[in-house]
């Protein structure tokens, strides 16, 4: 491992004090990340677009200057990030992983981008994603498939696959993804990193291309829980430009990371969240929960009967909403969509208004049941996915001997948090056959500090045993 | 010649009841006398509850006598549109399917009225399931316009409009999804207020279309509407569309002073496609308000072009979902016109529905911008004079009503004159939760006595007055 | 493959008799007329009134 790659492997919370104390420069960190990216991207294809090195280093130099002059802005100052290519950057190409938008240049920054820029973050490029976020494999026909750093023949998950792969392989310090049916948490689980879907409305979506308005969320994808807390604090806040934005007061999520969960109650719902789960995944997640029990939390079994209908509600909702968003292009230039996305969009036009509205009724029911359950418990813990990474190109997956549709499998356990808008964080629970397994921690609306703290407590038990994907030996 | 008790308004009766000059029993009796004399010709009621009402009136009388006066609604007889649940009583929603449905709880607004001491004297006819604007009900018979019995009273709260206009009850509550309070108010020459969406709880009211439905007062005067709104408004945890905004003292807004206020007029939609006779009266009314010191400003609201489409798609989508089961299992039990609508509603795609929501969002933001420059918007209420019962209306009656449903903004219809012997309504629309402002403009105009004290031709031959 | 509104309804389990079929088709066409140029008009794909309503703490 080259010296210059040491910095790329660090976290925001490791780098920040070094940058603040001027022990290292943003230029060194950025150079380290760019070097690693150049070395690995051909094999992993996490980046759709790597920014011009000279320009990036120039902005790093500016950040260095500011810090030297004493204007240190905070933990993100001088930290190089790369975001999922779905967030507007003024004057820069933002493709949404698509051919139709391959030359699209927005004339304004997304609100979260504005906030990150104000915090002094730097940007090394745009990350690969499933076309229009419409899928969970990031097998992108226009920009090439993104590969899982733990096994290059496998998917990194999606739709924020590029973010998952880049963070896992240290090609970026941290990232932001979007999550409509699990698209932050699925790649987080598959790539062995931290992925947080906040409460709906907490983070403004202004300037983020929509997949399904009432299900979409933006959130951090990071190496550690602490990094997720730092990023979350920066990107939250009411924005009048986003009709779904809610008012909230600024919160220092970092301060909540005490690791103390004594006396807290962990809810387990078995009929839905532990149904049809690969045996090893099931074991690892249950081991994880046991570890949390050892830390002083107690377990309570709960029931959420309406979850039975959650897949119907998820499909009807995002089919209807996405169909409208893409309607004109589907009529005028259907051939410019990737095959799988085009097929999905055609299907998406079928649900009737009844179907859609029934789905909304079910959502209300599920939300109510979750609310009631959260009166008895602090968090609900479950596997993020029933499986680990499948092979690129496969449409189905085998769970305990049974063939299952890949898409259904990927979104099954993550969708409820989208339907209800409650926050959910995925953290690594261990490795199964060398592939990461994710555990998700859900809480009531606006309880990010609670779930982050649980995640932090669990992270301290070192579930991945410090293992990282072994791609250092890769030669182009 | 003194008015009969039944011909009075809430605000005229209240002091007399409070001061024990008159008993609630006398007021109810006066109402029932008129009902017995004229209801057959008008058919406003589906159920007359004389015995129950007199019992309640007696109770109110005793309470007031004991000094437990509850307020201006105490002892006032009201009949409500047959769409609101009343505990232990049949509520049919104008339908055959629900003809024998018995509610097990009072609707929230009903409960509030009962607590305020209202005497419920019967249930009023409506268009089946509120799905239409003629109140030509195949199961309960058509309600007739008291001003001309050949004409429709509007709908879907046609029974309420007719009953209040003909003094067959003191006041009523209706529901408004695409104009169903305001259209009958216009057609029958009374006051009809659709409050802001979420101002009044809809718990216990059979839905037509959740995001478009509103409950509101239908009264003889603006002051009566303000009084009723004060009692009806308020947060209710049982209605997820209810907003928790504090309830105003709406009556305190009624100063009649509109000097310096700005009246907005949008002409491309609201004054396009309107009968000239109606347009004339509405413009005359606006001129009168200018003479009172208000200013007029022309505004543009381009999204209005798509209002009828958005209204239909939303109504069909939501209403279709509510009736999805019954229209498949027992279609023949629906009246013919409603059956067609319900079937059509099943064909609406989710993208159609969602596109309509986009239009609504666009319209809301356009109206918001307009209300930065004007205080209220004024427009005609109906595009044509009430047609004959049984005729297919030549134009969409709800053309000018639906924007206030799509945006959820408060809107009132008040009489502004006659044409061909039929009343004409003026519509006033205001910003969200500014019912007080809207009511005050209506109050100011009402003082000019636009109907010149005329009443529909139903005079008691034998008078019982005080 | 063009479907009439009646075919669509039948496929959804809604009975349609001959008399109704004509009226429904006419009504459906009238509805489409009301739409006008709406498909071209709505500019911002992010513009929607839907929300996943959650009560704030």
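For reference, chains read A, B and C in written order, and residue numbers begin at 1 within each chain.
Just so it is clear, a contact is a pair of C-beta atoms (placed from the backbone, for glycine too) under 8 Å apart; a residue touches a chain by one contact, two chains touch by 3 or more.
Just so you know, these numbers come straight off a predicted model, no measurement behind them.
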Measuring centre to centre with C-alpha atoms, which chain is farthest from subunit B?
A
Most central chain by CA mean?
C
Subunit B and subunit C have mean C-alpha positions lying a whole-number Å distance apart equal to 28
State, to the nearest whole Å, the distance from the C-alpha centre of subunit A to the C-alpha centre of subunit C.
35
So, what's the distance in Å between the C-alpha centres of subunit B and subunit A?
50
Counting only residues that touch at least two other chains, what does the list for subunit B look like?
240, 346-347, 354-355, 358, 361
Where in subunit C do residues touch two or more other chains at once?
12, 39, 47-50
Multi-chain touching residues of subunit A, meaning two or more other chains, are 243, 321, 327, 352
Under the touch definition given earlier, write down the residues of subunit C that touch subunit A in their complex.
12, 39-40, 45-52, 54-57
Applying the document's contact rule, which stretches of subunit A touch subunit C when the two form their complex?
199-201, 205-206, 208-210, 213-215, 242-244, 246-248, 321, 325, 327-328, 352, 363, 420-421, 445-446
Can you tell me which positions in subunit B touch subunit C when the two form their complex?
240, 305-306, 308-309, 312, 327-328, 331, 339-340, 343-344, 346-347, 354-355, 357-362, 364
Write out the stretch or stretches of subunit C touching subunit B in their complex.
5, 8-9, 12-16, 20, 23-24, 27-28, 31, 34-36, 38-39, 41-42, 47-50, 53
Subunit B to subunit A touching residues, read off their complex:
240, 313, 316-318, 320-321, 324, 345-355, 358, 361
